[in-house]
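My questions will all concern the structure given below.
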Amino acid sequence: MSTPVTTPKSPVRLRAVDAPDQPDVTPALEDLYRGFEQELLVPLWTEIGDLMPAHPRSRAVPHLWRWENLRRLAAQAGELVPVGRGGERRAIALANPGLGGRPFATPTLWAAIQYLMPGEDAPEHRHTQHAFRFVVEGEGVWTVVGGDAVPMRRGDFLPQAGWNWHAHHNATGEPMAWIDGLDIPFQYVTEAQFFELGRDEIGEDERITPERSRSERLWGHPGLRPLSVGELTPGTPLLSYKWEFTDRALADQLALEAEGFGGTVEPGHAAVRYTNPATGADVLPTLRAEMHRIARGAETAPVRETGSSVYQVFDGSGSVTVGDRTWTVTRGDLFAVPSWQPFSARSEAGSTDSDSGALDLFRFSDSPVFEALQLNRTRIEGTTR
Amino acid sequence: MSTPVTTPKSPVRLRAVDAPDQPDVTPALEDLYRGFEQELLVPLWTEIGDLMPAHPRSRAVPHLWRWENLRRLAAQAGELVPVGRGGERRAIALANPGLGGRPFATPTLWAAIQYLMPGEDAPEHRHTQHAFRFVVEGEGVWTVVGGDAVPMRRGDFLPQAGWNWHAHHNATGEPMAWIDGLDIPFQYVTEAQFFELGRDEIGEDERITPERSRSERLWGHPGLRPLSVGELTPGTPLLSYKWEFTDRALADQLALEAEGFGGTVEPGHAAVRYTNPATGADVLPTLRAEMHRIARGAETAPVRETGSSVYQVFDGSGSVTVGDRTWTVTRGDLFAVPSWQPFSARSEAGSTDSDSGALDLFRFSDSPVFEALQLNRTRIEGTTR
Amino acid sequence: MSTPVTTPKSPVRLRAVDAPDQPDVTPALEDLYRGFEQELLVPLWTEIGDLMPAHPRSRAVPHLWRWENLRRLAAQAGELVPVGRGGERRAIALANPGLGGRPFATPTLWAAIQYLMPGEDAPEHRHTQHAFRFVVEGEGVWTVVGGDAVPMRRGDFLPQAGWNWHAHHNATGEPMAWIDGLDIPFQYVTEAQFFELGRDEIGEDERITPERSRSERLWGHPGLRPLSVGELTPGTPLLSYKWEFTDRALADQLALEAEGFGGTVEPGHAAVRYTNPATGADVLPTLRAEMHRIARGAETAPVRETGSSVYQVFDGSGSVTVGDRTWTVTRGDLFAVPSWQPFSARSEAGSTDSDSGALDLFRFSDSPVFEALQLNRTRIEGTTR
Amino acid sequence: MSTPVTTPKSPVRLRAVDAPDQPDVTPALEDLYRGFEQELLVPLWTEIGDLMPAHPRSRAVPHLWRWENLRRLAAQAGELVPVGRGGERRAIALANPGLGGRPFATPTLWAAIQYLMPGEDAPEHRHTQHAFRFVVEGEGVWTVVGGDAVPMRRGDFLPQAGWNWHAHHNATGEPMAWIDGLDIPFQYVTEAQFFELGRDEIGEDERITPERSRSERLWGHPGLRPLSVGELTPGTPLLSYKWEFTDRALADQLALEAEGFGGTVEPGHAAVRYTNPATGADVLPTLRAEMHRIARGAETAPVRETGSSVYQVFDGSGSVTVGDRTWTVTRGDLFAVPSWQPFSARSEAGSTDSDSGALDLFRFSDSPVFEALQLNRTRIEGTTR
C-alpha cells in the first residue's frame, strides 16, 4: 500500500523565510543538516516562521470566479463530457490560485458548478464527504437521497450528510446548473474518506417530482419534531431549506429592525444560519451555511475569522472586499475568503437587478470544524465585538 | 497579505490516475480544458480517484525513526545550534517520506526530539497549537506553564493546551532530550495558528524544581475535583501524568486479567488513555495520548483507524507491523501509522531490556478531531469488533 | 425562618403496609421505637414497601375533568373574583384526588384553566416556574413576554421559560379561557422557587395585537437560526407554536403513512413534539409538550412511562384508558396519567365533531426531568418496543 | 391499581396564609368554592403565597442529629432487629421535623445510619435509587457491587449508581456502622422507583476482603482511563474514593494557599468534589458529594443555595450555623441544610480532637438535579460572589 520512496531526503532549508536568527553556516552545520536529511528529519528553527506565524497567513488567496464564465464552460462540458460511472458527476471545481492548482476553493472547502443536461442522471453513490447543493438559477432537477426525491429550485439549499446514497436527475427539457459545496479538501488532508458506488439506475418510482420531499414533510415544520423518528444520524434530517422560508426570515429581520426592535446582525444586515432542526447545530458536522441580506446602501463591518469561506451572490449587486481585493459582484459570482482575511460587503443601490436593492449573499464555511476543536476566533474591525 | 500569483493556471490532467473513464481527448475537449485553466477551474472527473478513494489511502507512509540516530543528531545540534529567540526551540522533527520533505510525521501530527544543554533555557512563548512532552529517558528539565514549574522524568507525560505561556529550563549538569508532540500540521492545513512571544527570561523564583507542580497538587487526586477552580479553559488542567500512576494502572489491568476479571483490551494487552480529569475527555482538543503495555509474548490484533498515530517505544522490545512494513523495535524508536493502515505489535520475550518482558508503547494520535466531527471509523481484523 | 415544631416525634409504624417481615413487637422493640421517635429517626424496615416499591405506584390516580364544568366554574369566577395583585391570576387548578387536596394534577404538574374577562389585564410578574399556555377555544387574548405581545388563538401553544416577565391582556369584548401548564408541584417539592412582581400596568404600546410576535418573526422559520441572537437563556426563544404548523405536520405524517412511507408513531397515530429551535430539545427544562392525532378508527398501544402526564382533548372524540379507568372524552376534557400507569386512546368514528374523524390530544409531561436524570423508562404493552 | 378515593373533595381555603388580597366571602363565593370542591379544583389565588413564594421557604427545618444517639440506637437495633429479606437493611433514617414524620432528612435526601453485626450479611438487591456509603468510623465491612467487593474504612466514600446489584457483609468480629445517603425522597415524590431482589446468599468467593476493589484497580488512577471499558452506565464506575487521596488533596490545597498560590475556596477553606472519572461530572445523576476542610480558626462565608444538603462531621470540632440555628458539633454529628437557608461553619481551635485543629465536613446534596434542570442559584453573603 505504501508507495516506493525514491527521494527519502528532507530538504532542510539553510535560510528559511521568516526565521531570521539562523546559526552561521559552518561545515559542521552543513554536516548536521546532511545528517538530518539522511534520517528524514527537519529542524524547527528553519521552519518556525512558516509553521507558527503570529496569525493565520493563508496559502489561499482572495479570488473571484465570475458566474458567466462558469456557466459558459459548464455548458460546453455538457456537450463534450458524458456523466456516468467513473467520473460520477459533471462538476467543475474552483481552484484557488494559492493552492498549487488543486481543485480547492480554500484549504478545506470544495466549491463546484454541477451541470446536468435534459433527462440526464448522475448515478448513485455515497461518500463520507459532507455535501450540499445550492441553486442560484433554474429548476427541474431533483436530488434523490436515500430514495427521497428532493426538488431543486432557485434559492433552495439542500444539505446532505456523509454516507447517504444520492443521485441527481434532470426531469426537464432544459439543462440545469447549481453549485455543490463539500469538505473534500478537509477530508483529503485528514485522510478520512470512504466512497461506495450505488445503483446504476434510479428506480422509475423515484422519478416523480414531488412538491416537497418526504424529509420536508417530516422535519420542515418550525419547532416541531416528529415522534416517529428515533436515533439520528450525523447531519440534518431536513434535506431542503426552501427559498420562501429563507427569504421571509431575512425580510422579517429587516422589518423588526425598521420597527426599532433589532433582529439584525448590524444595521441593514440580516442573516440566518441553516441548522439541523433536531439539534439546533450546523446542518453538517464540518460545514456551516448561511444566507446574508445587506439592505440597499448598507455595508457590513470587516470581520476576520479563523477558517475559510466561499460566498455566492444570490441576488442583487454590490461590492465585496476580501483582504486587499475589492470586486464589484453580481448574481452567481463566487469568491473565496481565506482564513483571517477581513471581509466586508456593500449593497450598491441603483445598480441592482433585484426589486429590493438588497445584496443577498449565500455563504458556506468550515466553522464547525474550528468550533468543535475550540480553534475559532473572530475579530470585528472598528468595533468592540 | 495575498502573495502575488505568477502562474494562476490550474493544471487539468488529461489522464488522471484512478479515473479510468475519461472522455476521448478531442480538440474541443482540449479547448475546454484550456478554458478551465484560464478560469482557475478543475473538473471532478479527472481528480475523483485521488480525491474520493474507496477508503483512506494516505500520502504518508509507514516509517521508523531510530532513537539512537535522533539522539546522536540532537546532541550534535546541542553543540552547534543555540537555543533562543527566533528559532525558539532546539527541536528536530520527523519528516514522513511521503509528505514532500515537510516536517510532518503524518498529515496532521508533529513529532520532534527536543534537546536542552545543561543550564539552558528555551524562551517563553505561546501558540494555539496544542502540545505535549513525553520523556523516554533522563530527568532534570522542567517546563514552566503559566508560572507553574512541572518537573520532567522518564515516563512522565506533560500535555499543554494551546495558548498557555510556556518555557523550558534544564536545571542539571547534563543535557536532556525528550519528544514533543503537536498538532502543527493540522493547524497548518486548517490555518488556525496564532503565536506570541513571552518573557525573555524566566523568573528566578520559577527556577526551583518542585517534586510536584501546582497543577498536580490541585488536580492529581483520582476522582477529586478542587472546588476552588471555576471556569475551565480548553484542554486538561493537569499538567503532568507521572509514570508511577501509568505504570500501576497498566500493571493492575494485567493482574485483573490474570485473576480472570478482564480489564485488558485483549489478552495480554493493557492500555490507558490520558484524560482531562475535569471532563473525562482527551487531554487536548486535537490530540489523544495513550500508553499500551503488551505482555511478554502477547500480540495485538491488527487495527485500522481513520486518522494517524505516532508511537514511541517506551520500554521493552518487540516487533511492530504497519501496513506492509514490519520492524524490530527497542527503547526510544518512533514510528508513524498513517490513516487506515493496519497496525499490530508483538512483545518479544527474551530479547528485552525490561524486567517484565513487556513492550510498552506510548501512542499519540489525531483521533479527537475525527470523533468531534463524526469521521471516526475503526476496523479490527480477524474479529467482529 | 424555621417554623416552630410542636410535635417533633416521628411516628414509627409498628406494622407497615407492604413490609411483611417485621420483628415481633416486644417491650424492648417498643422502647427502641420510642427512642427513634425521640431522636427524630425512622427505620427503613417499616417503610421500605412504601418507599421502594417494585415499580412506581403513584399516589396520584387516573382522573378526568370535564371541560364544560371547568368552563362554567371559571365563568362564575369571572363574575365573582377580581384579577389583580396578590392573587395575580384567575386560574383554577386541577387537584388530583390522590394528592390530598393540593392543586396538583400529578405529583409534578400543575394544570389550570385561566379566565380573563373583556378588557381585563393579569398583571406582570415573573417566577422560576416554567409555564405554557394552550388554547382549546377562542381568541383575542395575548400574552406579553418581556415586552413581546404574543397572540393566542385556538390550537396555539405558548411556552414561556422561567424568570421571564409576563402578563396577559384580553383585547376583546368576550371572556376567554385557556389552560396553563406549569411545573409548580415539582418546584414546590424541590423548593427551587423565586417570584417577583413586575409593572402594575402594561404599556399602551404593548396593547396592540400583532399577527405574529417578534419571537416568531425571529425564530419561527423552519431550520433557520437568526445570527443576531447570541447567548441563549434556558427554554425556547420561540414563544408561540401556531396551530397551522402543528396541524400541517400531523396531516403530513398521516399522508406519508398512507403513501407507504411510515412517518407515524404507529398505524394511524401521528405525533409531534414542540421543541426549542435553538437546540432541538424540549421547549422547557422541566416540561415536554406534544400533539397527538389518532386517525378515525385507530387505537394506540398501551404505553407505561416513568413520570406523569396531563392530556387535553383538542379535537374529535373517542375513548381513553388510563390504568383501570376508561372514559369517553370530547373537546376540552382534561385527564391525568400517573407514573407507570398504562395509557391508550382510541378515536371513535361517527361520534365526532371534527371533519376528519381524528382525535387530537394535546399532552404535557415531566419527561425532561426524568431524561436529564437518567430515570426515564418506557414499556409498550403487547410489543417488543 | 388506583386506590379508592373516599373524600374526593379538595379543601379550598377561604383565607390562605400569604395570600392577602382575597375576595370578600359572599354566599356566591362560597357557592363557587363548593363547586370547585365538587369538581376537584383549587384556585390559585388562595394558594399562591404557599406555592409561589418570593424565594424558597423550605418546609424542612435546620436540624442536628448527634452521632452518639444514632450510634446508641443503632447498636440497640443490632440486638433486636434481624437483617434480611423484607426489611433488607438495618438502616435508621433521619426524619426532618418539618416533614411530617417521614424519613426524609430534607425534601429530596435520605440519610441513615446503617449497622451490621459481626458476620452478618445484608442481602442483595437493586433499585433505581442512587446511593452512597460514607464511613465515619470503623472498618471491616465491605459492599459487593455487581460481584466486586469494595472494602469500607474510615473516610472512604462509596458511591453506587441506581440499578446495580449490591449487598453488604461484615467480615469482622465487631459491629460496624456507617451512613447511607440516597435520593429516596426525590424518587418518591417524582415516582420513578423500581426495585428487585437479588441472590439471597453472597458467593463464598465474594467474601474475601481485597485491599482495593476491581473498580479502583481499573479507574482509580488519576487522569487515566482504561481502554478496555466501552459503553458507560449512569453514575461513576469508580466504587470507592479512599480517604488517603481525599486527605492529601485537602492538605495540598491548604499548602498551596500557605505558599501564596490560592487553591482554596476561600481563606482556610479547602474542598473537593467527588467526581466520575469518566466524565468529570458528579458521581451520581441526582447526588453531589464533597469533603470540606476548614483550617484551625477559619470560618466560611454564609452561602445560600437552591436545593438541600446533609452534612456529617468527619473530624475535628467547631460550630455550624444553618439559618437561625447554631450548634457546636463534633465527630459524626449530622445536620440538614434546607433550600436557601444560609450555611456557614467555623473550626474551633483548641477544642478539637484532631491533630490539625481542622474541621472536616462531609457534605452531600441534590445539586445535580438543580443544575441539570437549570434551577440552581447561589448567593454568598457579604461578598460579590
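General remarks:
Which chain is which? They are A, B, C and D, in the order written, and residues in each are numbered from 1.
We adopt the following convention: a residue touches a chain if its C-beta (ideal position, glycine included) is under 8 Å from a C-beta of that chain, and two chains touch if they have at least 3 such contacts.
Computed from a prediction, not measured in an experiment: that's the story for all the values here.
Of all the chains, the one whose CA centre sits at the greatest distance from that of chain B is C. If each chain is reduced to the centroid of its CA atoms, chain B and chain C end up 53 Å from each other.
One simple way to say how far apart two chains are is to compare their mean CA positions; for chain A and chain C this gives 44 Å.
Taking the mean of the C-alpha atoms as each chain's centre, chain A and chain B sit 30 Å apart. Annotation for chain B: no residues touch two or more other chains. If touching chains are joined by edges, the resulting network of the protein chains shown is one closed cycle, each chain touching exactly two neighbours.
Counting only pairs that meet the touch rule, the chains in contact are A-B, A-C, B-D, C-D. Interface residues of chain C facing chain A in the complex, by the touch rule stated above, are 214, 217-228, 236, 238, 241, 245-246, 248-249, 252-253, 255-256, 261-265, 271-281, 283, 290.
If you check the complex, the residues on chain D that touch chain C are 1-3, 5, 8-11, 19-23, 26, 28-29, 31-32, 35-36, 39-45, 47-48, 51-63, 65-66, 69-70, 73, 76-77, 79-82, 84-98, 101-103, 107-108, 112, 127-129, 162, 184, 186-196, 234, 285-286, 306-308, 323-325, 338-341, 366, 368-370, 372-375, 377.
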